[in-house]
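Encoded as structure tokens, the structure appears first; notes follow it.
A, B, C and D label the chains in the order they appear, each numbered from 1.
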Amino acid sequence: MNEQEALFEYLLRLGDNALILGHRLSEWCGHAPALEEDLALANVALDLIGQTQLWLNLAGTVEGKGRDADKLAYLRDTREFRNVLLVEQPNGDFAVTMVRQLYFDAWHYLLLQGLTTSRDGRIAEIAAKALKEVTYHLERSREWVIRLGDGTEESHRRMQTALDDLWMYTGELFEPDEVDRAMVGAGIGPDVSTLHEPWLGLMRATAEEATLTLPQPGWTQRGGKKGIHSEHLGYILADLQFLQRAYPNATW
Amino acid sequence: MNEQEALFEYLLRLGDNALILGHRLSEWCGHAPALEEDLALANVALDLIGQTQLWLNLAGTVEGKGRDADKLAYLRDTREFRNVLLVEQPNGDFAVTMVRQLYFDAWHYLLLQGLTTSRDGRIAEIAAKALKEVTYHLERSREWVIRLGDGTEESHRRMQTALDDLWMYTGELFEPDEVDRAMVGAGIGPDVSTLHEPWLGLMRATAEEATLTLPQPGWTQRGGKKGIHSEHLGYILADLQFLQRAYPNATW
Amino acid sequence: MSPEERAFQDRIDADIKIEPKEWMPEAYRKTLIRQISQHAHSEIIGMQPEGNWITRAPTLERKAILLAKVQDEAGHGLYLYCAAETLGVSRDELMEQLNSGKAKYSSIFNYPTLTWADIGAIGWLVDGAAIMNQVPLQRCSYGPYSRAMIRICKEESFHQRQGYDIMMKLARGTPEQKQMAQDALNRWWWPSLMMFGPSDANSVHSAQSMKWKIKINSNDELRQKFVDQTVPQAEYLGLTVPDPDLKWNAERGHYDFGEIDWEEFYQVIGGNGPCNRQRLRTRVKAYEEGRWVRDAAEAYAAKKAARTQAKAA
Amino acid sequence: MSPEERAFQDRIDADIKIEPKEWMPEAYRKTLIRQISQHAHSEIIGMQPEGNWITRAPTLERKAILLAKVQDEAGHGLYLYCAAETLGVSRDELMEQLNSGKAKYSSIFNYPTLTWADIGAIGWLVDGAAIMNQVPLQRCSYGPYSRAMIRICKEESFHQRQGYDIMMKLARGTPEQKQMAQDALNRWWWPSLMMFGPSDANSVHSAQSMKWKIKINSNDELRQKFVDQTVPQAEYLGLTVPDPDLKWNAERGHYDFGEIDWEEFYQVIGGNGPCNRQRLRTRVKAYEEGRWVRDAAEAYAAKKAARTQAKAA
């Protein structure tokens, strides 16, 4: 894999994470626990869709085969998707959605922070824009985790279950592979393994305030970054891509 | 609409009913209340998929544009589907699935009986084969409705709810439109309005034995036969058609 | 009329806004609550038919626009519930009325969205009709309602343009897309005309509401205005309005149009539309499943307040 | 050895089948229950990865074949639970063991089916490996188990051919399809080899089981046989087995192959496969949600029996 290919892969990961998590959040639209949350979840989803466009358009440019963000989002099959497993997990209840969001937001925040100093100016620029948005995402998911962890007995129980259930999908976020290493080498992206400690610090502080118990390190589910997903992703794509697949020559 | 066009429409209805109900039943596979039901539900689904192939292949022949059953099943969008609304309703719990099945099976049985004397030999032949299968389907769904209606308090309550909930989708089955009338005129199919009384008789007898109350005649949901469906069908097709849409030039 | 009522009517006649703490006739308050909450409920239920296509929108941009639009509807619902709350009813009470089926919402949302073109048609026709209803209400007599309407109308006209833009793309697209657009127009045209309510001859409450300036134009006036505005837009798209009786009446300076199927209208209002049950059940399910979250948020807020107080003491 | 045990072993040595009502050592019974129920559980859990593609099968024929296959698996589960029941354990007890996570099932089903080619690969490789295990068990010492195996093997070999046929279509299809097939082989190859269990050196219970003829061949023997059979099939498909150490050893008359990642094997068995949790939760959910149905069926049967009795009296 040369640097350009690695960069393409890297950008797909950034874009696909935003796309798939945005998709999941948009499934809440009209079904949230309160109107304010319909608004807030849609806001986060919108930010993520916007980031998807930026990352995938850049990926298409880097690839140089004439694919834009829409082509990349709508015309790849599951094995070509590069999002981490965490973001494709089903919404579950509001507790699962919020814990998934906290786990992701905190990592996303730290990653984007690293990317703002990327040697690739295009990436630094997108990261700076996204970082502003994700700062709010993280603030919000932290608040909800605390509120629900320290809310009622039921909410506490649901939050602890969600925390435990999703934990095994967090390891993948901090495991560098050859793509990540190539990006570190090229001064393009941060070493994700160095994000683990600050992330854990954030998680510990949040869990404590939420009166929740952070799970112990354990088995890690991995594969998303290499295109080996859970069985959920295929169904996401069947919906997401239906129109583009069914009407291949149309513009919308 | 000339007779050939009407016949094409008519065959699509027969095929699409079987296809979509078969799809819904196949969703149960691996999730049934007991292994015996996994087997039995799959059996019914298999019969229906087989019938789909027969009806849609004949539809393709009648249309004469080179479309076979697969092309018709996999490459039409929702507005071109002709199944009744009843069969696309979500599985719900086992009570909903069984009531949906009873309502459909009884009508299906009566319709196929009428079709065995069709002037169109191809149709009579398929109907005779399907009738044998559907005779068992009906026997089985009747048994389950009786068993669950007269089972426990909970099962009784669930069955009554299902009976009431799905009732409004049954009217469409007995409302002839221009296609039906053309088929009656050509001696191809029975007058569906004449099936209503025998169907009601079967339903009354079953409900009585099941200690359930048959709903009163009321508002009818209609549209499926003309391609105006519920919002559920689009999601069914997104899954059903994914591979054919995503890999348009492949054979499988 | 009592002196209070007289003074109240005088203010209205002088185009002075009524504000929450001022005296108002009980019937005015009740009528307004009904009208505003119905409008709020319509925004909330209206999220469903459009929400149905968010995960399946055909491009990322269309997805973002649609999501933002449905989000705006949640926002409109919020403004309107707040406006209703100034009249002494809580959002929870109103939600309970909606969930129990007691309260009404706009019947148009009981139709299913079957294709992507329906998203265009809803923006163009349904939001178009809504704006036609709402623009005059910016001048209505009740201050909070009037101000909510001003905010809402601005966003709605944006939505209508986006809907028309979807239709345009389809109408100028492939033959299948054009057909999709025509089909959507066929299905949404008559329900859109029904959005203006019964014809004036059969419209109850209208006279009093107009005197109170919480209804500014008659149903038939607005419907005519909508037809006059929309028909040329359809022509521009190259689509055919599904009404054989539609034709320009030079004498009246308006389009004549066919008879509305009021039987369908009353059936759908009465609960027998294609999606009434689905819409309500979805809403109730979201509400019930969200209860533990709302309860927890409340419990947390109470704990936090207690802690702050304990610290202060 | 007691006289009973001696007589028992003599019968086995003479290839006489043991039948349910005959005396047998408690350890024989227990080992058989564990083995048969693990096999039954594997059939039941195995419905999930393949069931995942029923609604998305690419043609009506493929859909019917796949559905029938998954149905067969339910049937195999039934035969096997029945065989286990002859040893004095109920299906409900066994299900509870499965649901509680106490009982094991074949680890291979803890991998996800990601593409349609996985359905081909499962038929070809997973059923191929299963048959390799099961064919000798047709001759096992316990009558009901032996007879269940005879029925099952007939159907399994049918499944294997269907799986190979899917692979063939893909391998001879478009470049994307061929890539799909290769990718599936890459992901399922090693887990299939692991299906034969730990290498003989690390295999517990084996000696006693072989003496009892409820295990006929050693794990490594069967694994070698599977590799020898499968490699030429892969070559015929034009696909590459993902093992750089794989090569024909003329001296041994067998293929040599690379080291299995036993760490992965023990992780997946231990609950840490990609889908362990999902598979078990799905099963438990189906079981729990089906409880009212089973209860009602039982209640109805009891009522009916009571009525018949009342009539008779």
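The criterion applied here is as follows: a residue touches a chain if its C-beta (ideal position, glycine included) is under 8 Å from a C-beta of that chain, and two chains touch if they have at least 3 such contacts.
This one's a predicted model, so the numbers in the text were calculated from it and none came from an experiment.
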#### Entry: Where chain B and chain C overlap in contact partners, by chain label
A
### Message
Averaging over Cα atoms per chain, report the distance between chain C and chain D in Å.
### Response
58
### Task
Can you check how far apart chain B and chain D are, centre to centre, with Cα atoms defining each centre and the answer in Å?
35
### Query
Residues of chain A that touch two or more other chains: which are they?
77, 234, 238-239, 242
### Per-residue multi-chain contacts in chain D, two or more chains
56
#### Entry: Chain contact topology (line, ring, star, complete or other)
other
### Summary
Listed by label, touching pairs are A-B, A-C, A-D, B-C, B-D
### Query
chain C touches which residues of chain B in the complex?
77-79, 219, 221, 223, 228-231, 234, 238
### Task
Report the residues of chain D in contact with chain A in the complex, numbered from low to high.
49, 52, 56, 112-115, 180, 183, 187, 267, 271-272, 274-275, 278
## Note on the structure
The residues of chain A that touch chain B in their complex are 77, 234-235, 237-239, 241-242, 245-246, 248
### Task
Could you please specify the touching residues of chain A with respect to chain C in the complex?
19, 23, 26-27, 29-39, 42-43, 45-46, 49-50, 52-53, 56, 69-70, 73-74, 93-94, 146-148, 150-152, 154-155, 158, 236, 239-240, 242-244, 247, 249-252
### Task
Using the touch rule from the top, collect the residues of chain D that touch chain B in their complex.
44, 47-48, 51, 54-64, 67-68, 70-71, 74-75, 77-78, 81, 116, 166, 169-170, 173-174, 176-177, 282, 285-286, 289-297, 299-300, 303
